[in-house]
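Two complexes follow with chain A in common, the first pairing it with chain B and the second with chain C.
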Partner chain A sequence: MTQFLSLLLNGISLGAIYALIALGFVIIFKASEVVSFTQGSLLLLGAYTIARLSGPYGFLVAALAGILVTALAALLIERLVINRLRGAPVISLAIVTIGVDIILLTELIRRIGPDILNVPHPWGGDSVRIGGVGISQNRLIAMLVAGVLIVVFFLAFKYSSWGVAMRASAEDGEAAALMGIRQGRVSALAWVVAGVLAAVAALFLVGAPTPGVSAAVYTVALRAFPAAILGGLDSTGGALVGGLLIGIAEALAAGYQEQLSFLGRGFGEVVPYVVMIIVLLVRPSGLFGTKELTRV
Partner chain B sequence: MRAGKQVRGVAVLAAAVVVTAAGCSTKAPDSGGGGGGGGEAGDVATDIGIEGTTIRLGVLTDLTGVFAALGQDITNGNTLYWQGNQVCGTYDVELDVQDTGYVPQTGVQLYSGMKDNVLAMQQTIGSPINTALAPEYEADTIVNFPSAWARTLTEIPGTGVLGATYDVEIANGYQYLFDQGLLQDGATVGHIYFEGEYGENGLAGSEAVAEARNLTVIPAQIKSTDQDMSAQITQFAAAGVDAIVLTVAPAQTASAAAVASAQGLNVPILGSNPVFAPGLLQGPSAQALRDNLYVSSPITAWDAQPELLEQYQQAYPNTTPSLGAIFGYAMGDVMNQVLDAACESGDLTREGVLAAFGELTEIDTEGLLVPIQAFETGVSPSTQSFILRPADVPGGAQVVEDAFEGEIATELAG
Partner chain C sequence: MLTIDSLRVTYGGAVQAVRGISMEVPDGAVVAVLGSNGAGKSTLLRTISGTLRLHRGRVDEGAVRFDDADVTHRDAGQIVRQGIVQVPEGRRIFGRLTVEENLRAGGMGNRDRAAKAAAHARVHDLFPVLRERASQRAGLLSGGEQQMLAIGRALMASPRLLLLDEPSLGLAPRVIGQIGEVIAEINRQGTSVLLVEQNATMALGVADRAYVLDVGRVSLSGAAAELARTDEVQRLYLGHGSAESGQRPDRGPRRTLSRWTA
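And now, the complex of A and B:
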């Protein structure tokens, strides 16, 4: 039982981080209908900035700077690339983001080089025990922060004028523009928010129990993809549920590897994609995605 | 409302990104060069990879992938050795260094670009890349030194594994734990290992020891990109393991040690030689590693080689000396013994070098590596290992047990 609870808690904490990244995909998709593949490199940019600056300026300044730099980078990508290609087919824009991602990633990997950069979180590698279940403080704080951020954004979508504008642009760009909604601004803000979320996720991803900033941090964003998709690409609630689902499934599959060995060792790796495929087979728009309506 | 339509397309794109990301690599600037030349130095026959009195050797290393830290250090060691040494007192050696990023496909491509210009391979990092290149190395009669110790590599003609294979190495590590009273017969151990040659071969060592000493082994396979060992260690804690065994990279070592200490699992951690990097002692899991980590290794530690350390620090003042650098230097030494032997027999062609390689026995690197008996197909070239532990010395590790042979090492060696 302890093992199950421990794996569950670990899965939830991992899932919370996935949810933050998935939320970034969702926000950009809602605002501009673009599926952004840049989240991985933005995540790594955030992690790299925090690690590099925390030596000279301390953790807090570095964390804020990391979030700022990542948000700025996201804004630049939107302004310099995505905004200029507005009107292009969304699938082309998605491919463009893959290109941007590879460029940014290659440069970051070159800069990180052979090192594993350590981020001196004030909570370090300390852990808390709840009953018989141990979890690192870093992951515990990550869960809380992710929870708060997700609630804030959920409310913002529903009630703020930005949220309404964004939903209107996603629904029908032309009508929204005619109603005076500045789509460029909505899209830019969405990218900034996605950048912030990526950097916050990065902040916790490079703490205990993972070893610090290395190029492999990038691959975590790839696991948040199935989270966003199975939740429904246009649903913020879906990003949360999808993230948690993937995190828990992955932790359980890895933790019960022995019992699942008839499926082949290393099954935990493919679990996110298996879960995604099963969900999509049952609900093609994802768990909470808007159903496609076709009038005949 | 177009979400539904795009979802499937996005899933395909996501898969495409995974594939592309895995293929990223950068190329070292130093490439190209002349082809083969005739024998100019005395009566020594030459064919490919020698021009005048310069021998060109290939290096396929990892400068940007999961073993980047190790790759950089090994390459530094190779370079340092050849800066100070000549073959036969006549030939200088030039290295053609290329970065595979630990991706086999990239390795195969880079090799096809360099193969007409190099006499032999000074270094090929990683079991998967060595395995991928095996048919070509065999066809091109190439002598190659892998910075990997998987059993399958000993099957490749011309490829010289420099030390005990991973199964023998781990078995020697267990022997040390038994000898020190840190592990008893009938105990339960959890073994985290990479998928592929490296991990599987390490696990084979655990399984052999388990049979001999009645242990229960809980295997947990991971991918080299996995960073978080929480689930695996949780599983081990639930099973009440008496030791954790790792055949992984340093990042996973750090995570495993951190999680184990968070869960109150205070047991010895035994690792194959690639699990350790000195940078780990600056991270949050430093204390857990100091307390519990034992590394079984074919390579000695820096504290046993003060002169080489001084030389290395002069050449690379801003780097942390790691075991990889010692290994790189020793690789140069063994290659030089092969090339010297070939040169003395008057044949520095690839065939000649391969013949010299096959005849080499009782290879002594003056304590840099464990003694190597010979390079025979399918046999672990050595039965011995050093035991190292983290310590506050240059290189971050010190030798706690000099090269020794465990009880089942000879039996396992084949």
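And now, the complex of A and C:
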């Protein structure tokens, strides 16, 4: 039972990080109808910036700079590429984001090389025990920060002018334009938000129990895609649930590896995708997705 | 107030939708534009409201002037800030947002807080039902209420000129009458209106002037009351011609068909 609770807690903390990435994915989709595959390299960019700058400038400055740089990169991608291709087929846009992702990723991997860059989190690699259940401090803080961010995000999405503008133009872009809502601005802001979320996720992903920044961090973002998709590509609530579901499933599969050994070692790695496929087989548009995603 | 000067618009560089239209909306007037499907009515409104680009349309010739400023190539956001707001055809309310959020979205182009508050009060005065249903999802409103929300949403931007694209579409006759009254009231409060309609009875009832479009050109124009008496309008739009009353049942199927292809 203790093991189960421990895995559950770790799964939730991992899921919270996935949820941040998945939220960025969903928000971009809602704002600009682009299925963006750039989240992975943005995440790595954030992690890399934090790792590089925390040596000379200390952790706090590096963390803020990492968030800023990632948000800026997301904004640039939107302004220089996505915004200029408005009206292009959705598929082309998705492929374009894959291209951008690969360019950014290749450069980052070249810079990182085979090393693992260390990020000196002030809370280090210590673990805490909550009622007999162990979790790394890093993951605990990640869970709290992600929780706060997600709540702020949802409040803003529901009540702020940005949120209303965002939901209005997601539902009917032309009608929103007729109300004087500038879609370019809504979309740019969505990318910035997605960048910030990715960088915050990166900040915690490169801490304990993960050793540091390596090219492998990129694959974490890949696991957030199934989170976004199984929640329903256009549902912010779905991204949250999807993230948690994937995180928990992954932690449980990894923790009960012995019992699941008939599935082969490292089953935890593929669990996100298995969960996604099962969910989509039952509910093709995801748990909370709108049935009809195509607009005319 | 609004002057359209020999306007020509094509879609995709090939299809001519508007072939040299000139018209004028005087300050404080209600001007109706009649015409069947494909006459260029919606294209005309898209050109004015700056959404032509979203439909891959282009102005080849001519100009749209608002208070002597050339607004032909401004984008939709700038047009709203100039004081021209369009209520789109088919209402296009944000069904998943609440009624109140729809009104908020309508006020996004309105930077002046006081003006926004005044507009909000005006909308609730005009349409008390929108106050009663403020927190309801807009998609749950009836057709007539949705049209009122669409008009109220547009009024939130405090427009000086309101463009209405077929507000009577798909509504019951009684509701169409109400819409007509609402348009007259909005105009009384000082907003000029350009009303595009297929329902000529309602349109000519509230309008001061009217234009009839036919395949991208103005075929008739004049004072609304005079126009309503002409044979052509009687026969084609008001449906009580003498010799060719057999044409009347024709209109139903034609419209239905065009809804399919639209």
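The definition used in the following text is that the second predicted complex is superposed on the first by the 292 of 296 C-alpha atoms of A that agree within 3 Å, B and C clash if a C-alpha of one lies under 4 Å from a C-alpha of the other, contacts with A are read in each partner's own complex, and residues count from 1 in each chain.
Here is the rule we go by: contacts are C-beta pairs under 8 Å (C-beta built on N, C-alpha and C of every residue); 3 or more make two chains touch, one makes a residue touch a chain.
What you are looking at is a predicted structure, and each value in this text was computed from that prediction instead of being measured.
Of the two partner chains, chain B is the only one touched by A:Leu233; chain C is not. Within the superposed three-chain model, A:Ile181 lies in touch with chain C and out of touch with chain B [touch as defined at top]. Judged by the touch definition given at the top, the superposed model places A:Ser161 against chain C, while chain B stays out of reach. Of the two partner chains placed by superposition, A:Asn83 touches none, neither chain B nor chain C. Here chain B and chain C are compared by how many residues of chain A each touches, and B touches more.
Once the two complexes are overlaid on the shared chain, A:Glu171 sits against chain B and chain C alike. In the superposition on the C-alpha atoms of chain A, the part of chain A touched by chain B in one complex and by chain C in the other spans residues 171. Contact residues of chain B toward chain A in the complex are 1-11, 13-18, 20-21, 24, 26, 63-66, 68-69, 71-72, 195, 218-232, 234-235, 237-238, 250-252, 254-255, 258-259, 261-264, 277, 279-280, 282-285, 288.
In the complex of the two chains, the chain A residues touching chain B come out as 2-3, 6-7, 10-11, 14, 29, 33, 35, 37, 40, 90-91, 94-95, 98, 101-102, 105-106, 109-110, 113-116, 118, 121, 124-125, 127, 129, 134-136, 171, 207-212, 214-220, 222, 225-226, 229, 232-234, 250-252, 254-258, 265-266, 268-269, 273, 276-277, 280, 284-286, 289-293. Those residues of chain A that touch chain C in the shared complex are 87, 161, 164-165, 167-168, 171-182.
Chain contact summary for the complex, chain C toward chain A: residues 49-51, 54, 56, 76-77, 79-81, 85-88, 92-97, 101-102, 104-106, 108-110, 153-154, 156-157.
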